[in-house]
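Look at the two complexes coming up: chain A is in both, with chain B in one and chain C in the other.
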Partner chain A sequence: MSPDTTAGASPVNQDVSLQVPAQAHLETHPGLSPDGGPSVTLSIWRGDPGGGAFVEYQMPAIEGEVVLDVVHRVQAGPAPDLACRWNCKAGKCGSCSAEINGKPGLMCMTRMDQLPQGVPVVVAPLRTFPVIRDLVTDVSFNYTMARQLPPFAPRPAGPDGIYRMMQIDVERGQEFRKCIECFMCQDVCHVIRDHEENKAFYAGPRMFIRYMELESHPLDTNDRRELIRRRTGLSLCNITKCCTEVCPEGIHITDNAIIPLKERVVDASYDPVAWLGRKILRRTKRSAAEAAADAPAFSSPTREDR
Partner chain B sequence: MPDHETHDFDVVIIGAGGAGLRAAIETKERGLRTALVCKSLLGKAHTVMAEGGAAAAMGNVWPDDNWQVHFRDTMRGGKLLSNWRMAQLHAQESPERIYELERWGALFDRTSDGRILQRDFGGHRYARLAHVGDRTGLEMIRTLQQQAVALGVEVFMECKVLRLLKDADGRASAAVGYWRPSGDFVTFNAKAFVIATGGIGKSWLFTTNSWECTGDGDAIAAWAGADMLDMEFVQFHPTCMVWPMTARGILVTEGVRGDGGALRNAEGRRFMFDYIPPMFASETAATEEEADRWYDDHTNNRRPPDLLPRDEVARSINSEVKAGRGSPHGGVFLDIATRRSPEYIRRRLPSMYHQFKELAGLDITTDPMEVAPFQHYMMGGIWVEADTGATTVPGLFAAGEAAAGMHGANRLGGNSLSDLLVFGRRAGMAASDFAGGRLGTPTVEEAEVDQICKAALEPFGRDSGESPYNVHRDLQETMQQLVGLIRSETELVRALDALDKLDERTKKVSVTGTPAYNPGWNLATDLPAMLTVSRLVTRAAIERRESRGGQTRDDYPKPDLELGKVNLIQRLRPDGTYELEQVPLPPMPAELAALLEEEPK
Partner chain C sequence: MSTTVEQMKPIPVTLGGARGGPDQRTLRRDRWWANPSTTFVFLTAFVVYTTWAVFQNAYYYVGGAAHRDLISPFYSPCLTASCVPGAHGGLVITWWMISPAILTLGGPLSFRFTCYYYRKAYYRSFWQSPPGCGVADGHARYTGETRFPLILQNIHRYTWFIALIFNVILTIDAIMAFRLPGDGGIGVSIGTIVLVLNALLLWVYSLSCHWCRHLCGGNVNRFSEHPIRHRLWKLLSPLNHYHMQFAWVSLTWVALADVYVRLVASGWILDHKLF
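After this line comes the complex of A and B, so read on.
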């Protein structure tokens, strides 16, 4: 069951036991007595796979706070069992992704004073992934997709044992390696957001930039283009750029990864000149079959498959 | 009681930051059945927040650099209390560990001839930090994560370890914990364990550490009887954000200063020139002109005092603020805006630019940052054998921030990331050997396991206790106020009293809901570890009646010659208290000692 993330919409599978009037917290929790000062209200989805509802928490406003700060104060006050993921609280780890007022964002980098004032801020879990509890979702899909990737396979180093790469040649890959795996690009991708059935064969924007990173890596020897065509569902992407818009690292997912990847795959499979070239010229990259054999998911499924 | 599952492995690694991942890669490559157990999702560990880089004497920018100079810098930075053998291994092996990351797909910034670029950092004589802009930790954790995944390491994510159990012969044999998503208990039986759980910062109110850094590894090792080393040495990183209040403690990389940033007080004065200690006078610039020339010419100029080791800079900032020359929000100014071009700043320090822009509404290319020292790193921790990472408990190994010895009284910036790689690998090697040589199936008493699970669930059974968040908050206030950067006997003794009371309160906390993904309950199970570690820190801080590195005593402001020759070891007694012992430093070979004498050119 996925929660409805639209602000103000009626909650899915409403559970009345979770609906506690906001005022109750102010009365029962010491230190939060209404003092007439400015306040903020979070409307947080609370529930589990069986269903849930939005619950409002009114808290005193504090200057400079981000959404995660208020969530933490809710945990320390009225709702100690409110589940949410977070780690660095500095926009570097990608743990605290949520749908804030209907849009995916990192709770740690979304300032309260930049959201509409005077109305509750609606915080819901990422919709594309199954809910575990409250704001925490099961993102194992992304880890499964990561294991299907034939890993980096570098060419041998130079005579002195050291690789030489120019800055300009590593910069494309460095852009993709800024990815903090917040999985918000996966969350907004309509190929899987509203189509659970596509998940089995769709790697998603996060993995497309990973494939493109390796495609553009100056040292890599694996040819993954045939695999990308057959197994990652790249053709299902119709370039709506939703992923690019939500990327907190500003990675040009569509322009710099997905479109070039599509071109490379098409060239590899359907371009007669490229085909002829491959027949005549010496092959420098390993084949699709060789590359596929390297992917860990095909040899040793792990715990995350549960 | 919830379901209880059991797994059998050769090696179980607790913690999936840099050290844990590197250890797991090693044991997996050696063919051992390896489990990697971590409290968060894979790839989110605190290593991801490291910014500036990994120190390794590759000599790509300054060919004069070599392991001997790196060894010297590390030992002096650690105020000569580092384990010399660890400092030597670290200096010798770091370059190969960095090149290894490159073979696994890492993309470091490059020199103009295509080699790995290195940047300047505090306390390092040469530009030595391999880096990727200011997101080196992310690059490192992702590379290690992808390599571990490629090798098929089994990862148990969002799984918290509560205790480590020994068999009848005293060997580490099982780790008992729970799955955070379900709250179900799990036991890992293994022939060897590696603790790589990182730091302890969550016992302080303002820290650069993430929620995970609750000292779990230190505590479970101490409870299992392992020797704990130099627990008084806690690093306060000199430059952390101070404003807005809610962003207080977020790290500002030393790379800002390495790339030309200068510390200034409210009068605009570069005050670090007033705080150059005698130990570093011969290698530190005496004038602003010399300091500024150094960035382009390390050979004929000396390092700016802004790049003194972290303990020195942190104390100096503290003194300026106390003297009333601080910034509006209680820090000092860190200015790179007037010293480097906006393009340069955005290219070299992209996440600093982003972080201040988003959280403080401040453009670091036009305005100075406000910074102050906050808790950042734990030099002390589990005593380990230098070459192997073996603790005093057979079958138990440790690496990374949880292990101690490498950094002595103060860690140099950049030495942590390379420490994780060098000693993560070594712990993995030694754990593999130990597991390979251990016969039979590890067994522990079922009743012990049951007792641990029962105790963990107790907060659910109490309905009138206080919230674990209240206890945690008070613990943080206590450590922040009484066991901070500047310490005194009176305050430390008060802290011990306060910790006793917090211990009692922890035994009475109650939580609501079910064990499934319940942060309140998770915190309740983290509190015992935080309290144990806080007590070990405070006890050692009382015992070391001198100022040295991460230990600054108001009542003993100078280093003590005799205390400079000893480490402090604490270990659990059968009655539940900890004995504390002064242990002489291991004797250093003459050829290494000679390196320390050498004056820089």
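After this line comes the complex of A and C, so read on.
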């Protein structure tokens, strides 16, 4: 890794090759008061797939800033080559996800004054995904899993050609539609964060809320329960609720999506009374392959395929 | 869609690559360990105390000699021939030679062990999987609840029914605690309040269970066609939100109820009549 430390850069405490005296930056940065007023230090991970390290940037403190503001000032000043993904600066696009002091968070929604003062703020890329450069990671894993998700399959419309739903039927799924796809729930989930080998078999919390939204949709006709059991790795989740803890939209991922999905899977596959009920009432459930038929990429590597 | 399952081909999935960030266990600087450590201490304390209380096999019933009818929730229903005279329990198992509490506790403990909240608690604090959010898993391999024995967590719904049976029995115990034998019929003592609160907390904990929420309406897709189930679901969902709190309070209270009955039965304290 070789971050470009151009003139004016102020990495305070890093590789010898990167070290520039802090004062050099303090003198050149236009936003800093000449008397060396209050400052903040960001320890940002700089690197690429070949490796990397933390580089500290000391910047003048400005009241009311969020982490992304300071990162932008670092970009505008000492490190113009710092890679960082961002878009709306309003907590609605989900682009600026990073690990701030070790915990996933949106940089645009994390106020500097809410972080411990007097110590560097550590900013690292999402741990679970392959790094592209600095704070930018390749989150295409999530899109791969999204392509395996069988889409909405509505029942026939009414005689007048109109689909009708009652509000009480759809309000449960509206919570899930708040998802901004920041993928912090996917990042913090230890099933893939700490076990790379599970990635091929695990859809993750973000996809589970989508599965639950469709499974509980009043108009949907597909039965994805067997697919969820066999192909999405729902049983790998041990409901430790980290996804719920980090969700910036406050979606109750575990209580309202993952656990209800687990119970639906138990209905379909592990409950002998439910099995007997299906036999008596002559109800069938769809196989994983049938349920997945409409998915853009229904067949992913699974343990059964090996 | 015209394409059939047989015609569809797997789309290659490219996964992996160098991970972002440093290869450290965690970058967290807050006291992330405080929560799992506290859980570890409390659950261990409960297990140690319960084990001691179960094998003590004495001082679990306050009977007519003390003008009370109080039984420890650990020993109710008392089903063996070795139960002290007066302890409730219609069925008598004669061949069981060790503590009757072992027979009693299996049901409620299986419910708590498979409970979604307690799973989170002990996976984090005991099994370190993971110990905290953003903290590395304590194990190199991880298979979750996909295989034996953890696949048995799926029996949670059946353990819920078992727990309900015990709730009914403990509710009867609480009602019986209003009896003050040989001392004027019916009244309220501190022991009565302890057992009533115990039954109440256990009911709230059981009814706030995720499976109960699923049973009452969670598995319905069109609430408009099932108004009663929708009403039940709406009633239980706020309770379910506090399932963790109910789990802790009810667990603590059931142990305290045992402590109270034990202190009264052993003569350390008197169970004061309030009115």
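Structure notes:
What we mean here is this: the second predicted complex is superposed on the first by the 248 of 306 C-alpha atoms of A that agree within 3 Å, B and C clash if a C-alpha of one lies under 4 Å from a C-alpha of the other, contacts with A are read in each partner's own complex, and residues count from 1 in each chain.
Criterion: a contact is a pair of C-beta atoms (placed from the backbone, for glycine too) under 8 Å apart; a residue touches a chain by one contact, two chains touch by 3 or more.
Remember, it's a predicted structure, so these values are computed and weren't measured experimentally.
Per the definitions stated earlier, placing chain B and chain C onto a shared chain A by superposition produces no clash, and the two fit side by side. Once the two complexes are laid over each other on the shared chain, residue contacts for A:217 go to chain B and to chain C alike.
Once the two complexes are overlaid on the shared chain, A:241 sits against chain C while remaining clear of chain B.
In the superposition on chain A, contact of A:88 is made with chain B only, not with chain C.
In the superposed model, A:166 makes contact with both chain B and chain C.
Shared-chain residue A:144: touches chain C; no touch with chain B.
By the touch criterion defined above, A:266 reaches chain C but does not reach chain B.
In the superposed pair of complexes, A:61 makes contact with neither chain B nor chain C.
In the overlay built on the shared chain, the residue A:294 is in contact with chain B and with chain C.
In the superposition on chain A, A:80 makes contact with chain B only, while chain C stays out of contact range. Closest approach of chain B to chain C, taken over C-alpha atoms in the A-based superposition, is 10 Å. Residues 138, 147, 166, 217, 220, 294, 296, 299-300 of chain A are contacted both by chain B in one complex and by chain C in the other.
Those residues of chain A that touch chain C in the shared complex are 45, 49-54, 99, 101-104, 116, 119, 122, 124-131, 135, 137-138, 140-141, 144, 147, 166, 168-169, 172, 188, 190-191, 193-196, 198-200, 215-218, 220, 233, 235-242, 245-246, 255, 259-260, 262-264, 266-267, 270-271, 289-290, 292-294, 296-301, 305. Those residues of chain A that touch chain B in the complex are listed here as 48, 62-66, 69, 75-77, 80-95, 109, 111, 132-134, 136, 138-139, 143, 146-147, 151-152, 154, 157, 161-167, 170, 173-174, 177-181, 214, 217, 220, 294, 296, 299-300, 302-304. Residue ranges of chain C in contact with chain A, taken from their complex: 1, 3-5, 8-11, 13-22, 26-30, 116, 119-120, 123-124, 129-130, 133-137, 141-146, 150-151, 154-155, 157, 210-211, 214, 218-219, 221-224, 230, 240-241.
Against chain A, in their complex, chain B makes its touches with residues 40-46, 48-49, 99, 102-105, 107-110, 112-115, 117, 132-133, 135, 137-139, 142, 146-147, 149-157, 181, 210-212, 243-247, 250-251, 351, 354-355, 358-360, 467-470, 473, 511-514, 516-521, 523.
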